[in-house]
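The following blocks contain the structures, represented as structure tokens.
In the two complexes that follow, chain A is the common piece, with chain B as its partner first and chain C second.
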Partner chain A sequence: MDREFIARGVKRCSTGKFLLWILPWAALLAFGLYSAGLCLIKGLNQTNMDNRFAFGLWIFLDLTVIALGAGAFFTGFLLYILKIKDLRAVINSAVVIGLVCYSGAVCVLGVDVGQPLRAWFTFWYPNVHSMLTEVTFCITCYLTVLTIEYLPIVLKNRKLRQIPSFLVFEFELHKLIYVLAGVGTFLSFFHQGSLGGLYGVLRGRPFAFREGFAVWPSTFFLFIISAAAVGPSFVLLTTWLVEKISRKKLVKPEVFSLLGRISGLLLSVYVLAKTVDTLIWINRTSPESGFPAAQYYSWQPFGTWILFAEIVLFGLVPALMLLAPQLRARTGWLVTAAMMACCGVALNRFVMTVQTLALPTLSFDRFLSYFPSWQETGTFLAVVAFGVLVYSISFRYFQLFPSERELRRF
Partner chain B sequence: MLPWNYGFHLDTGHIVFLGAFYTVLVIVATTVVNALLRSRRDMQTSKVEHIRWHSDFHDLPAQDRVCRHVLTGEFKSGECPNSFDCRECETHAKLLQVHPIAAGGEKEIFGMSFPLDRLYHRGHTWARREADGTVTVGLDDLGSRLLGTPDEVVLPAPGARVEVNGTAFRVRNRDADVRVLSPVDGEILETGDADRGWYLKVRPAACGELPFRHLLRGAEVRPWLLREMERLQLTLSAGGAPTLADGGVPLSDISAAYPKADWDAVCSEMFLQV
Partner chain C sequence: MIGPNKNVKAARYGMTIDVDRCSGCGACMVACAVENNVPPAHANATDRTGLTWIRVYKIDNGLPYPETRSAYVPVMCQHCGNETPCAHVCPQQAVDVDPATGVVGEMPQRCLGCRYCIAACPYHARYFNWWDPAWPAGMEKALNPDVTPRMRGVVEKCNFCHGRWHAAKQQAAADGKPDTEPVSYTPACAEACPTKAIHFGDLNDPASLPAQAAKQGESFRMLEKLNTDTKIYYRSKRDWVRRIADAPHPAGTGKENQRG
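Up next is the complex of A and B:
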């Protein structure tokens, strides 16, 4: 039925099968939209957040998907600015992943902030001294850039490119894509950093507070490096997953290995920086705030295991695995390492968001626990469903993997 | 946000932050507007076919974009940087001076007819220069066998212009819709059909040897065709269809022999389009 929209030389499942695949995700999205609607209409009383626990599942999700979506800017930077041509094989997929992650994050932020009719206030009356303002500006700008980057992928659709004006616009826009890649890198650099920075400047939360360079706390830089490190890992993981689900070869093994090596290199830099930062925090920053670092880890379940898991298990171990050529050459190891790296960044964002807020800081404070309500979970799942739907539709109708046609021959 | 806004202060924070924001917006907007203006210019100067070819060429598999001198064994590897338009290629010009292409060759290759009086385009068309200065364009023997008996041939009207690597005419057969690429620049004088052995008579846009320099000839044809047969085998085998047996001769209607093959994909590969 939709064969004319599917690229030549690539095989896709029947329309019926595709509809069956997207149906449960569409149902999940509908449930999520209902949950989000309740939060928007009735207010944040639908959630389990309160004035003390103001950041919950949604902010954790935002930080995680934005870090995972960093593959878009970083792959673009490596391909268009540093001219690593092999990454052309995954750039379209990386852009879709980025678009899905960022648009999902913006939607959830919209629900979290609430009052959508006043959303423009943040742009019209910006508090230029706020890290969150920087985040808002950068994310919306970068989402615009990603949408423009997504446009050539859409216009390259077999049917759409038969329209001369679309074909020509796609061609001309693609010629200028390096400008957008540069802008994307600039924006990503700052908003990834600002997301980290907003925790680092929390003086009232000595668990998160960090010293740094000029106006930027060390978390500013750690968030940038960690996002750049796991971005390629997530692209690798997604590509592998799509290969498994579609039962097709989409990129050459060398591309997987390259993504793994890039991720491994950056992850090792991150682990080193994070270790130095943690040591400084344990020995200087935290004691100067009046809290010995060991005290934070006396509140269960957040024992020292979480620090070990974050830095060693999901940091150092995958970094070493990704850097070892023998392990990188084996898909199982490569994918496991990429998965661990992604889990590591998710754990880091969880620690920064949830553990920071759960720990007591004043003598009359108590350890807080938080569990998301079904409305929060529903909204969270809507983002996942939205991502799967957009990616599935893009994979079916657009050429996300330019090598697919070539690899089909072998 | 703006100087007359409530809460705006003309301090370093505002100037740096909003300055960076506006710069980003200006760059993004300029890029999009620039692309739109370029697109309008391209549409006005009828560059659509040129762009379509460049876009298609860019998306062809790497092994299909190799230079003609790789086919003949002069180079070990190398992608054509000129999208198969050797007219402006300095390397090709230099190589021609050192080793002119041998005029001889075989009229029959792998059981197919490739007369020596014509020049061949890599998209399976040929061009024959006639005594009256016109050029006759047709499908080569492999191209004809691939398309078999077409369901429909859409030819341009006399007076229309064609350009090298742009669409010369369209052929529909089974589920395949093929844009057959033009080997020459020029104006259509007359149209033919498969029975007459040619499809177009063209008044070339320029005279001399240069307008035909991108076309294969003489001793180049056999190695090119060898590569094409390999490509055909690979393309057919990709769809799970039986492969061609060695030593045979392609059928007059290959598509009819592969009823289950995705013929649209096979033709798009062989006729250099995506």
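Up next is the complex of A and C:
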């Protein structure tokens, strides 16, 4: 039925089978939209957030998906600016991942604020000292860049190419790709950093507060490095997953290895920087605020194990695995390491968002717990379903992996 | 907020709260709610989703009976003077610090409801409107016409009774006085306190009672090491009460946390 829309030389499943695949995701999206609708219409009382746990699952989700979506800007940077040509095999897929992650995060942010219709106030009355202002500006601009980067992928569709003006437009857009990659990289560096800065500047929360350089706390730089490290890992993981689900060879094994090596190198830098930062924070920053760092880890269940898991288990270990050529050559090890790297960054975002708010600041405070409501979870799942749907549709109708046709012959 | 009068020296409005005098009656909380049109709690509200600009915590020394001693600590916005955490992070300048008085003000009309300020405040003095404000039938007639009720989805907090400050300023202008110096109004909580535990005034005015009390050895400020330069000074003759100024200590560390 939709054969004319599928690229020549590639094989896709039947329309019926495809519909069967997207049906449960569409149902999940519908449920998520219902949950989000409840929060928008009835208010944030539908969530389990409160005056003490002002941020919850959604902010954790935003920070995590934006870090995972960093593959889009970083792959673009490596391909178009540093000219690592092998990455051309995954750039389209990386752009779709980025678009899905960023648009999902922006939509959830729209639900997460009490007065979504006032979102434009941030542009009209910006507080230049606020990290959230920086985040809002950069994410909005970068989402626009991603949309423009996504357009040529859409316009290359077999059927759409038959419209001459689309073809010309796509050709003209391609000329801009280097500029877009440059702008995207610049914006991404800033908002990945400002997302880290969101918590790093909180002087009133010594668990999260960090010293830094100029107006930026150290978390600003740590978030940039960690996002750049985990972005290629997530692209690797997604490509592997799509290969498994579609039962097709999509990229050469060398590309997997390259993505793993890039991720491993950056992850090592991150682990080193994070270790130095943690030592400074434990020995200087936190005690100077009147909070001995050891006390944070006395509040169970967040013992020192969480610090170990974040830096060693899901940081150093996958970094070493990704750097070892013998392990990288084996898909199982490579994918496990990439998965661990992604989990490490997710854990870091969890610590920054959830653990920070759970810890007491006043001496007569209690340690707080929080569990998201079904409406929050539903909205969270909507982003996952949205991501799977957009990616599935893009994979079916657009050429996400240019080497696929070539690899099919072997 | 109305801009500062350049002819008047900047003030530093603040409070002293004598913890030893506080009986925990909650009159300050009620008076504050009535003055500032804080709506009654929603049926589903909890102690973490309710609205109250001033909250009285009960604390004790953590010792078993008969050594147990308790005290009550009213906590409201501490009106930080140094890089005010909430004002610093608000993305759309809905929080400001009045240079004329040092009062940290909140503009609910501009608030996006992102709650970043709540996360930034170490004193947990900011409250979000999780529900639409609603008053029982007839009770809306008792609302204070000088204070605008807030809508769902915005943050609010103590502003040292801005409505009263505004009225005092207007009265001063009507009387031909240059401004409200020295402070000529009293916030509702200080006025309602039956034990006179709360005193309000200009901390820059050496003659004012809070300025004098703040200098005494029994005075302390919450989490002073955070260097937020708060304008709420607490007082107590008891050592264990004064220790509430420090960071929390989890149970099992030998320094039992005072229970709130």
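The rule we apply is simple: the second predicted complex is superposed on the first by the 409 of 410 C-alpha atoms of A that agree within 3 Å, B and C clash if a C-alpha of one lies under 4 Å from a C-alpha of the other, contacts with A are read in each partner's own complex, and residues count from 1 in each chain.
Everything below uses one rule, namely that a contact is a pair of C-beta atoms (placed from the backbone, for glycine too) under 8 Å apart; a residue touches a chain by one contact, two chains touch by 3 or more.
Given the structure is predicted, the values throughout are model-derived calculations rather than measurements.
After overlaying the two complexes on the shared chain, residue contacts for A:213 are found with neither chain B nor chain C. When the two structures are aligned on the shared chain, A:125 is found in touch with chain B and with chain C. Look at A:169: by the touch rule set out above, it reaches chain B but stays clear of chain C.
Looking at the shared chain after the overlay, A:44 reaches chain C, while chain B stays out of its contact range. Once chain A of one complex is fitted onto chain A of the other, the partner contacts of A:371 are absent, as it touches neither chain B nor chain C. Shared contact residues on chain A (touching chain B in one structure, chain C in the other): 124-126, 129, 133. Interface residues of chain C facing chain A in the complex, by the touch rule stated above, are 42, 44, 46, 48-50, 57, 59, 73, 75, 83, 85, 88-94, 110-116, 118-124, 126-132, 151-155, 222-228, 243-250, 252-253, 257-260. Interface of chain A with chain C (complex): residues 43-45, 49-55, 112-115, 118-119, 121-122, 124-127, 129-133, 136, 198-199, 201-206, 288-292, 295, 298-299, 356-357, 360-368. Put simply, chain B touches chain A in their complex at residues 1, 5-7, 13-14, 17-18, 21, 24-25, 27-28, 31-32, 34-36, 38-39, 42-43, 47-48, 51-52, 54-55, 59, 61-63, 234-235, 237-238, 262, 264-265, 268-269, 273-274. Chain A contributes residues 7-11, 123-126, 128-129, 133-134, 137, 141, 144-145, 148, 156, 158, 161, 164-165, 167-173, 175-176, 179-180, 183, 186-187, 399, 402-403, 405-406, 408-410 to its touches with chain B in the complex.
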